[in-house]
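Each of the two complexes below includes subunit A, the first together with subunit B, the second together with subunit C.
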Partner chain A sequence: MPEKIMKHAKGWLNSPVLPILIAVLVGAFGLTLNPYTLFLLTRIVIFVMLIVGLNIMLGYSGQFTFAHAALFGVGAYTTGLLQVHLGLPFVPSIMFAVVLVTAAGTLLALPALRISGIHLAIATLAVAQAVTWVLVNWTDVTFGAGGFRAPSLRMFGMDKTQTIFVVSLVLTTAVYLLVRQLLTTSFGRRFIAIRDNQVAAAANGVHVTRVKAQAFAISAAIAGLSGGLYSSLLGFVAPESFNLEQMILMKIMVVVGGIGTMLGSVIGPIVVLTLQEWLRDSEGWLEIIFGGMLVAFVLFLPRGLAPLILNAITGKFRSQSVDDAPQTGQSLNAAPSENRKDEEAV
Partner chain B sequence: MLSVLLTSGIANGLLYGLIALGVVVLSKAANAVNFSQGDLMAVGGFVSYSVISAAGLGPAAAIVAVLVVSVVAGIASFLILRPLMKTEHVMSLLIATIGLSFLVKGLIRLIWGGQGDYLAVPPLVQGPPLILFGGNVIIPLQYLVMMAGAAVIILLFAAFFRFTRLGLFMRSVADNPRAAQIVGIPTQLVLCSAMVLSITVTAIAGFLLAPATLIFPDMGFALFLKGFAAAIIGGINSLPGAIVGGILLGVCEVMVSGYVSSSAQELSAFVLIFVALIFFPRGIFGARKTRSV
Partner chain C sequence: MLDVKDVSLSFAGNQVLNGVDFSVQSGEVLGLIGPNGAGKTSIMNVITGIHRPKEGGVRFGDTSISRLPPHQIASMGLRRTFQTSLLCNGLSVVENVMLGLEPQNSYNIWSALVAGKTARAWENEARERSMEMLEWMGMARFADRPGQSLSFGQQRLVEISRAMVSHPDVLLLDEPAVGLTAPRVEELAEKIKSIRDNFGTSILLIEHVMQLVLSACDRVVVMATGTVIADGPPEEVTRDPAVIESYLGRGYYVES
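Take a look at the complex of A and B:
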């Protein structure tokens, strides 16, 4: 009987009903908020989408890259600049941005085919810095370090924050469900196979080159989409929204939430962005707390908050059976990117 | 024009070379990369600012202060990162050092000021520039000090590895950690001293660089990237390679800034890193291995 309840609970966690229900509740709640709080909530929603994409690269395929903030930025800049320079409407602009960023991300996969680990991290870092350099110095097009005003989307008689909130929430839920579904298919499992053991994956017939490129492309497409939404939310696009510091914040979101977990991609942005808002005007404390948090998580909780929360939920159902105490599953020595059974729930 | 560019390129390049030495030492002995290295270099600059400008003491006191701070920082970093200093934890270590880098930057900001604060450190020595070849080559004294300082550090470094017991230990651990442990070499001590050495040499580079530029809390990372690039160009495990790579990068940068455009200077470093990593991942002096990356 307890097992049956357990199974039931698990099935419920894995069905698309729960995320949609949560999204609807968040949507109804969000529309009652004042514009500033709604702005923060929308930022979290957009970052959830971005981190879901980043997790494909970092957590599921194990490719340690630093270019995501830059891809996110290219998405935002393309969406904004097409509207500003060519007067295109929002939808075609963001669609073009997604295509462009996907192409850029696929190109980034080329170095990843030759190098890995630290070398890949540094190479993509160099690319990201170069992109930031272009954003700052190509002033004719990008308006340089000062940034530019990006037009905001407005629909259905809502104000601009509400519009972008609703659009982001719908798209984030869709991306979340799609990616979660994708990772249960053989297509998605190949990412995990490459992360866990590239040679073994190749020996089992996984086309490593192609699968890596696919992981990069999907991840980049999501970054482009979230970047476009972000430009509309901010209303003002400047290079410092996409610099290395932002990239490190994204890494912190992934590690704090739980690397390679879907639930972690949701928790990470909530925790980090809330903390960031709270520490916004502190001189230095933001970096000290986030830096310390990153070190502490890698050392003591390398699998992040997601497994803890999952166990808290499923543990309720499990506690009825006798000695089936929930395993927190973290150990000091387990690196976040290894010895992990792939877990996906919620 | 050319001679001025060359001297400033070599002077900067030697400092990149010092950072690269820090990268190589850590990579050789512990197979690790420390992202907070650049920020600790900034700490070197800020400490010398405090000693020279704020406390009004001489450069000798500044060197002592930088050494003390970097040894303490090195031991602290080692103690924090020790559980991760194993080959199977390379990526975890990398992420943890990113955290450390953030932490150090926050501390700098807390102690020495906010985002927009640029501090100027007075030159270490004052005097007329050195004029060679009847005025054809003019070397500002500050560059001369930088070069001399870097040269001294490099010689000390070479002597340390060649003639001291700890240097021998470090070479043996780098060569084969398991065998070194079996014959009774204290590997933990070696890892700790590699960390300390790496941070010390970087902090000294920060001390030498500080008078030539303005110092600010965010300066560290770009410099670390350049040092890493120099290490890659030289071959990540070669100490002389680090210096050669640093000089190459420094000269390449000033040539681009002098003959192309000064804003392209930053870009040239990134392009060089990328090209070096993709096409020459073993570098100039790197050992040939069947599978190095």
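Take a look at the complex of A and C:
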């Protein structure tokens, strides 16, 4: 019986119902907030989408890149500039941005086909710095270091923050569910396989090159989409929103939330951005606290907050089942002895 | 079936393989033995496309495979295991085995994103076939465990399941008996022979544990310093003075 409950609880956690329910609640709650608080909440929502994408690269397929903030920036700039320069509406602008950033991200996969680890980090860092340089210096198009005013989106009689909040919430929920689904399939297994062991993956017929390119493309498409939304939320787009410091902040979100977990991609931005807002007035402390946090998590909680939370939820059912069925040999606590027996049988 | 022709390989000027020449016949268990550094694993890496030979080549059936990438060679029906077991830690046991079916998987990303019909059908089929393979290996009860929670010997069996799930024509095993006690080695030998009998798979077995070589192999190739020094039935090869000199040692004798 408790096994059944546990299975049930797990099935429920994995169904789309829970995320949609949470999104609806957050939506209803968000629309009651004042514009400033709603701005902060929307920022979190957009970053959840971005980190879901970044986690595919860092967490699932183990590609250590530093170009994500730049891709996010290209998405924001493209969406904003197409509206400003060409007078295009928001929707085609952001769609074009997604296509462009996906293409750029896939090109970025080229160095990753030959190099990995620290070398890949440096190569992508160089690309990111080059992008920032272009944003600052190509003043005719990008308006340089001062940035530019991006048009805001307004729909359904809501004000601009409410509109972008609702649009971001719907799209983030959709991206979350689609990515979570994707990761349960062969695509997800291939990502994990190239992260854990490329040689073994290839020896089992996994086309490593193609899988890497897929990880980069999907991750970049999400960065482009979230960047476009971010430009509309900010209303003002400038290079410093997409520089190396932002990249490091994103990495902290991934590590704090839980690298390679879907739940972690949600928790990370919530924790980091809330903390950032709290510490807004003590600017100098912020870097020290985030730096310290990163070190502390890597040392003491390398898998981040997500496993702790998941254990707190499912662990309750687990302990119940162990108490109820100590003699059946079915419960988890019976496994170690079975384990030993089988070892003998090998 | 699998012909290694005159293969030479060198790393940074260091000649690792020097004109290696042997073939694996259809339905045969071929042992490959030799001292450390003889080039056994290197030749396996050449066969599976990890290294490209400097000279010579490898033919699989009628096709030359020595210039193909590893994943393509694997999808042609040539699978291997590694000296140190390489399961993916992020995947459960059954998911590790499902990885072995990758080349046969053809559904696209759109189907995967929305859990479409083709994706679901393939996922179910892959899981079923992987469970069957684990069942056959006697490992089905561990299906949902993370790979790293298993003992060394068990991980090896999962790795063999992963290599065998697609029913390849050739299976290459790199020291599968490392760390196993004598009775377990005997069971492994039985397992290897029944893989051949059940699936008709030809097997190339690199091994130092002579007990396994003698009880599982139909034929043995002996390598030393990058060349083949003997090739024949196990009982003949183990009496070869050159083999005794370079590998088995003078104190070696074969129990009959």
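To be clear about the criterion, the second predicted complex is superposed on the first by the 321 of 346 C-alpha atoms of A that agree within 3 Å, B and C clash if a C-alpha of one lies under 4 Å from a C-alpha of the other, contacts with A are read in each partner's own complex, and residues count from 1 in each chain.
By definition in this document, a contact is a pair of C-beta atoms (placed from the backbone, for glycine too) under 8 Å apart; a residue touches a chain by one contact, two chains touch by 3 or more.
No experiment lies behind these values; they were computed from the predicted model shown.
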Handout entry: Partner chain in contact with A:Q214 - subunit B first, subunit C second, else both or neither
Key = second
Exercise for the section: Would you mind checking which one, subunit B or subunit C, touches more residues on subunit A? Expected result: B
Handout entry: Which superposed partner A:I115 touches (first subunit B, second subunit C, both, neither)
Key = first
Exercise for the section: Classify the contacts of A:G260 with the two partner chains as first (subunit B alone), second (subunit C alone), both, or neither. Expected result: second
Practice task
Kindly classify A:I288 by the partners it touches after superposition: subunit B alone (first), subunit C alone (second), both, or neither?
Solution key: first
Exercise for the section: Pick one for A:T139: touches subunit B only (first), subunit C only (second), both, or neither. Expected result: neither
Exercise for the section: Using the superposition on chain A described above, determine whether A:S15 touches subunit B (first), subunit C (second), both, or neither. Expected result: neither
Exercise for the section: Would you mind listing the overlap between the subunit B footprint and the subunit C footprint on subunit A? Expected result: 338
Problem - Touching residues on subunit B, where the partner in the complex is subunit A - result: 33, 80, 83-84, 88-92, 94-96, 98-111, 113-114, 221-222, 225, 228-229, 232, 263, 266-267, 269-271, 273-274, 277-278, 281, 293
Completion exercise
Interface with subunit C, subunit A side, in the complex: residues 178, 181-182, 185-187, 189-190, 192-193, 195-197, 199-208, 214, 260, 338-339, 342-343, 345-346
Completion exercise
As the complex stands, subunit A meets subunit B at residues 64, 111, 114-119, 121-123, 125-127, 129-130, 133, 137, 244, 248, 251-252, 255, 283-295, 298-299, 302, 332-333, 335-338
Fill in the blank from the handout: Within the complex, subunit A is touched by subunit C residues 48-50, 69-71, 74-75, 79-80, 82, 86-91, 95, 98-100, 102-103, 105, 107, 109, 112-115, 119, 122-123, 126, 138, 141-142, 150-151, 153-154, 156-157, 162-163, 166, 180, 184, 187-188
